[in-house]
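You will see subunit A twice below: alongside subunit B first, and alongside subunit C after that.
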Partner chain A sequence: MISRPKLDDYRIVGYYTGSVTIGVGLLMAIPLITSLLRSEWSVANDFLLSGALAIAVGYAFRLVCWRPRLPGMSWMHGLVVSAFAWLVAMIVGAVPYYLSGHYASFLDSTFDVMSGFTTTGLVLLQDLDHVSDGVNMWRHVITYVGGQGMVVLALTFLFSGMTSGLFKMYVGEGKDERLEPNVIHTAKAIWQISLIWLAAGTLALWLAGLAIGMQPVRAFLHGLWVFMAAWSTGGFAPQSQNILYYHSSLYEILTFILFVVGSFNFALHYAVWNGRKREIYRNIETSAMFVTVSALTAVTLIGLTRWGVYPNIMSLLRKGFYLLISGHTTTGFMTIYSRQFALEWGDMAILAITVAMLFGGSACSTAGGFKGLRIGIIFKALLQDIKKMVMPESAVVVQRFHHGKDVVLTDPTVRAAMTIVVLYVATWVAGTLGGVASGYDMVSSMFEAASVTGNVGLSDGITAPSMPAALKVLYIAIMWAGRMEFTSVLGLGAFAVASFRRRR
Partner chain B sequence: MNIECMTGRVVKAAVFGTALVVALSAVFGVTVLASQGTVVVSSTDLVEKARELDGQTVEFAGEVIGEAMLRGDHAWLNVSDGANAIGLWVPSSLARKAKWFGSYRNTGDRVSVIGVFHRACPEHGGDMDIHVTDLTLVATGSATRHLVRSDRVAWAVFFAALAGGLAFFQRGRERQNLSSGR
Partner chain C sequence: MNRPNGRRRTAATQYILGMATEVLYTGALLAMAATVALAVWWWLR
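Up next is the complex of A and B:
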C-alpha cells in the first residue's frame, strides 16, 4: 500500500505532465504546416487554436506545479506521469478532431486520439473520404508518435538536459529495454531508427503510389501516412476503405513488410543496425512469433478454405494471410470490409485471428498484445516443468533463452510474464462482456475485444459512432491500459486511491 | 396393340413432353432473365448480401472519391454511397467520364454504374468489386468552400497570446532559478 501523496508528489506529476502536454501542442505544428501548404485555411486555424490551447494548458500545469528544487522522480512518479500524461494528451489532442466537424461527439474524438496514440487504429471518424490533409496528417502523426512513445519523444526533444528519473517514465510507457546505457540516448536511438525507416518507407510507398496510378502529391502524402501507420502498427489509412482503396498487391506487399518490421523489438533493430544479424533468428521473440504465425496461418487458411471464402490461392494469401499478419503484428490494416469478418470468414478463421491479435508483436516495439517475448518465456517455463517431471529429482534443470544475450530463465521472469498475460486475458474478458452487455453477439464481441486489448484495429463492425457511449469509454480504458501494459495505469489508480485516503 | 391405344400413348407422351419442355423452359427462362436483369443495390446490400449477389449484374450509384487509378486499359474508381466505398473496375474510356473526385476540396461526380458484382474477385486478389460495363454521369461534382470562422480566429489569437504569455513567464521563472542556483 502506498502512503498518501504529499504536495510535492502532485507537483512532480503535474510538472512533467505539463511538459508532455506542451510536446503534444508543439506536434500540432506539423498538421498546421501541412494545412498551410495545402491551402486549408480553416483547418490551419483550428490547429493554431488547438496547439496554442495545448501549450497554454501545459504551461499552466508547469506554472502551478513548479517550485525551486523539485525533488527527484521516484518509480511511482514515473508510472503516474506516463499514465496521466496520456489522458491529458488524449483530451488536448482531440480538440482539432472535434473542430473538424467529422465527429458526432467530443467522446468520439477522444476515442480516435486514444486509438491513434495506442496504435490501435479503430475509427469513429465519419466521412473519412472528405477529411482534410491537415487532419489526416494529425491522425497519422499521433499514431507514429504513439508507436515510438510520447514520453520517448518528450525525452528526446524536451528533456534533453535532464536525466534524473526519466528512465522511470520510459518504463511506465511500456518500454523497458535500454539500447544505450543512457535513457536519453536510448530514446534518440529509437527515433533515429524510426526516422531512417520513415524516409525509406515513404519513398517506397510514394513510388508504388505513382506506379498504381495515383497523382504525385496524393501518392506522396498517402505514402507518408500509410508508412506511419504501418511502421507504428497503427492501422489508420487516409481513405475509408483502408488498404483496399489501392486495389494493389504491390501496395499490400510493401505495407506487409513495413508492419512486420515495425512489430520487431527496437533492441533487435539496434542489434542488426550494429551488425549482429544473427540476432534475428536467435532471439526468442522472433522464434516465438515464427511458431505462432505458422500455426495460426495454417488454421486461418484451413478455415477459409473449408468455408470456401476465397476462390484461389492468390486471394487466400492477399486476404487470409495478410489480415492474419496484420492482426498478429497488431497493425489492423484491412483489405476487406469489417462486416465480412462476421458474415463470411467462419468461426475457425475468426478464432485464429482473435488469438493472433491477443498474442501481438514484440516487446519494446510499436506493437501491442501479450508480446512474443512473454509467449516464448512461458513456453520455456512449460518446457522446464516438463523436463523436471521426467528427469530424476536430483537433477537440476536449467532453461536458457536468447534475448540480446543468453539469459537463464528464473521464476521472477516467468512470474512477471505470466502476470501481464493474465492481466491481458482479464481485460479481454472484460471487453468481451462489455460487448455482450451492449447487445452484440459473443463471437463478434470476443473479436472486437481482442482487437481493442491488443491495440490492433481490425474490426468486425462493432466499433461505430452508433455504439453505446459506455462501450466507447470501456474501449478507451482498455486501449490505454493495454498500451501501457497495465503497470502505469495500476500505478495511477493506486496513486488516486491513496490521495483520498485519510492521513493517520 | 391397336391404333387407338397407340395414338393415346403418343398423345400422352406428346402432352408430357410438351409439359416438360414448357416447365424446363420456364425454369431456365426465369433464371436467364434473372441473371440478365439488373439488381439495384446499395453498398450495404453488397456487403451484407454478398454471397447472394455474387456474380449478378447490379446497378450501383454514388460519389466518385479519391482519384481514378489507371491500370492499362482499365482503371479503378472508388465510389461511395455514404455508407461504404466500393471499388469499380472500369474501362479507361468510361473512367474518363469522371472529372471531379470527392475529397476535402471537392464533392465528386455522382455516377451510376452497371456491372458484374464479385464478392471475392478471382481476378483481383479477392477484392469485393464491380466490373463495370456501363457508367452514367448523374451529377457533376463541384469545389467545396470552407469558410474560416471569425470566432475561431479570435479564440486562436486568444490562446496563442495566453500560451505565449504563460511560456514567457514560466520559462523566465525557471531560468532565473537556474541562474540563482549556480
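Up next is the complex of A and C:
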C-alpha cells in the first residue's frame, strides 16, 4: 500500500514541475523569434506574454516548493513529476494557441498541445492554411521536443545542477534505455542524433521544396516543420491538406525515410552511429517491424485492390503503402482526405491500418503503440511455449532475442511486455467506446481510437472542433497515457489517491 | 571505431555511414512493399 505523501513529496513534485514549466516558457523564444523575423508583431506579442506567463508560473512553483534540503527523488517522484509536468506544460503551452484566435475554445487549444507533445498529430485548429509562421513554428517545436522528451530536455540542459532523479523521470517519460551510463550523456546523445538528422532532413526537404517551385524562405520553413513532424513521428504539417498539399513524390519519399528512421529506437541509432551497423538487421525491433509491415502491407494492398480503390500499381503503393507506414510508425502524415478512409478505403484496409497503428514503432523512440520490442518478445515467448509443448518434458528451452546484445528471455520480461500490451488494448477499447457513445459508427471509432492510443494522428474525420467536449477530454487523457506508456499516469493516479487517504 | 588499416574514422564519417545504413533499411522496406504490390496486382487483376 502506498503511504500518504508527506509535504516534502508535494514539494519535490512541485519544484521539478516548475523547472519543466520554465523550460516550456523559454522554448517559446523560438516561435517568438520566428514571428519577429516574419514581421508578425501581434503574434510575437502573444508569445512574449505566454512565455512570460509560463516562466512566472514555473518560478512560482519553484519558490513555493523550494527548501534548503529537499530529500532525494524516489521512483514514485520521478513518475509523478513526468506525468504532472506534461499536464502543466499542456496548459501553459496552450496559451499562445488560444491567443491566436484559431481555436473555438481553450479546451481545443489544450487538445492540440497534448496532440503535439505526445507526437500524435490530430488537429482541432481552425483555418490552418492561414495560420501565422510563429504559431506554425510553435506547433512543430512542440512535437519535436515532445518526441525526444521534454522533462529530460528541461532538466538536462537548463538545470544541470539537479540531476539526482533524472533517470527516474527519463523512464517516466516512456524511455527506458541508457545509451551511456550517465543519463545526462544519454539525453545529450539523443539530442545530438536528433539535431544532426534535423540538419540533414531539413536540407533535403528544403531542396525538394525548391524543386517543386516553392519560394526559398517558404520552402525552408516547410522543410523544417515537415522534418520536425516526420522525425518525431508527429504528423503535423503547415497546411490543412497535410502532405497531400505538396503533390510531390519526392516529398513523399523523403518524409517516408524520415518517419521510418524517426521511429527507430535511439539505442539502435546510437549503435549504428558507433560502427555496429549489423544491429539494424539483427535487432528484434527492426526484424519485428519488417515482419509486421510485410504482413500488413499484403492485407492493405489486397483490401484496396479488391475494392478497386486505386487504378494502378503506383498509386496503390503511393497511397496504400505510404499511409500504412505512416500509421505503423505512428506518424500520421496523410496523402488523402480524412473522409476518404471512411468512404473509399473499405474495411479490410482500414483494419490493417488500425492494427498497424496499435503496433507502433520502436521502444525508446519518438513513436507510440505497443512497440516492436514488445511484439518481438511476445512472439518469442509464444515460440518458447510451442517448443516446450513439442519437446520432451525434461528439456530446458532457452529462448534468446537480440536487442543491443543477446538477451535470454525471462518470464518477468514477458510479463512486463504483456502488461503494457493489455493496457494499450484496454485503452483502445475505452477510446472506441467513447466514440460509439458519442454517436460515431464503430469502424470509424475503432480507427480514431487506435490513432489516439498509438499517438498516430491519422483521422477518419471524427476529430473536429465540433466533436463532443467529453470525447476531446477522453482523447487528451488517452494520448497522454499512451505516450507515457501508462506507468507514470498510473503512478500519478496512485499518488493522488494516496493523498486523500486518512493519516493513521 | 578503427578501420582494418588501423586508422580512426572521424565522427562525421561515422555519422554519415550510420545515416546511410538507416536509409538503406527504409529502402529495403520499400523494395519489399513493391514486391508485395506486384504480387497482389498480378494475383487479383
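Rule of thumb we're sticking to: the second predicted complex is superposed on the first by the 504 of 504 C-alpha atoms of A that agree within 3 Å, B and C clash if a C-alpha of one lies under 4 Å from a C-alpha of the other, contacts with A are read in each partner's own complex, and residues count from 1 in each chain.
Here is the rule we go by: a residue touches a chain if its C-beta (ideal position, glycine included) is under 8 Å from a C-beta of that chain, and two chains touch if they have at least 3 such contacts.
Everything numeric here is computed off the predicted structure, so don't read it as measured data.
When the two structures are aligned on the shared chain, A:343 is found in touch with subunit B, with no touch to subunit C.
After overlaying the two complexes on the shared chain, residue contacts for A:277 are found with subunit C alone; subunit B is out of touch. Of the two partner chains placed around the shared chain by superposition, neither subunit B nor subunit C is touched by A:242. By the touch criterion stated above, A:316 is placed in contact with subunit B and with subunit C alike.
After overlaying the two complexes on the shared chain, residue contacts for A:48 are found with subunit B alone; subunit C is out of touch.
In the superposed model, A:200 lies in contact with subunit C only, and not with subunit B. After overlaying the two complexes on the shared chain, residue contacts for A:453 are found with neither subunit B nor subunit C. When the two structures are aligned on the shared chain, A:399 is found in touch with neither subunit B nor subunit C.
Legend: residue contacts after superposition of the two complexes on their common chain; A:255 is shown touching neither subunit B nor subunit C. Looking at the superposed arrangement, the partner reaching more residues of subunit A, out of subunit B and subunit C, is B.
Taken together, the two complexes place residues 316 of subunit A in contact with subunit B and also with subunit C.
The residues of subunit C lying in touch with subunit A in their complex are 1, 9, 14-15, 17-19, 21-26, 28-30, 32-34, 36-38, 40-41, 44-45. Within the complex formed with subunit C, the subunit A residues making contact are 196-197, 200, 256-257, 260-261, 264, 269, 272-275, 277, 280-281, 286, 290, 293-294, 297-298, 301-302, 305-306, 313, 316-317, 320-321, 325. Residues 47-48, 50-51, 65-71, 75-76, 78, 80, 84-85, 87, 102-104, 119-122, 124-129, 144, 146-149, 152-153, 155-156, 159-160, 162-163, 166-167, 169-170, 173-174, 177, 181 of subunit B touch subunit A in their complex. Only residues 25, 40-43, 45-46, 48-49, 52-53, 55-56, 59-60, 62-63, 66, 68-69, 99, 129-133, 212-215, 218, 239-241, 244-247, 249, 252, 309-312, 314-316, 318-319, 335-337, 339-340, 343-344 of subunit A touch subunit B when the two sit together in their complex.
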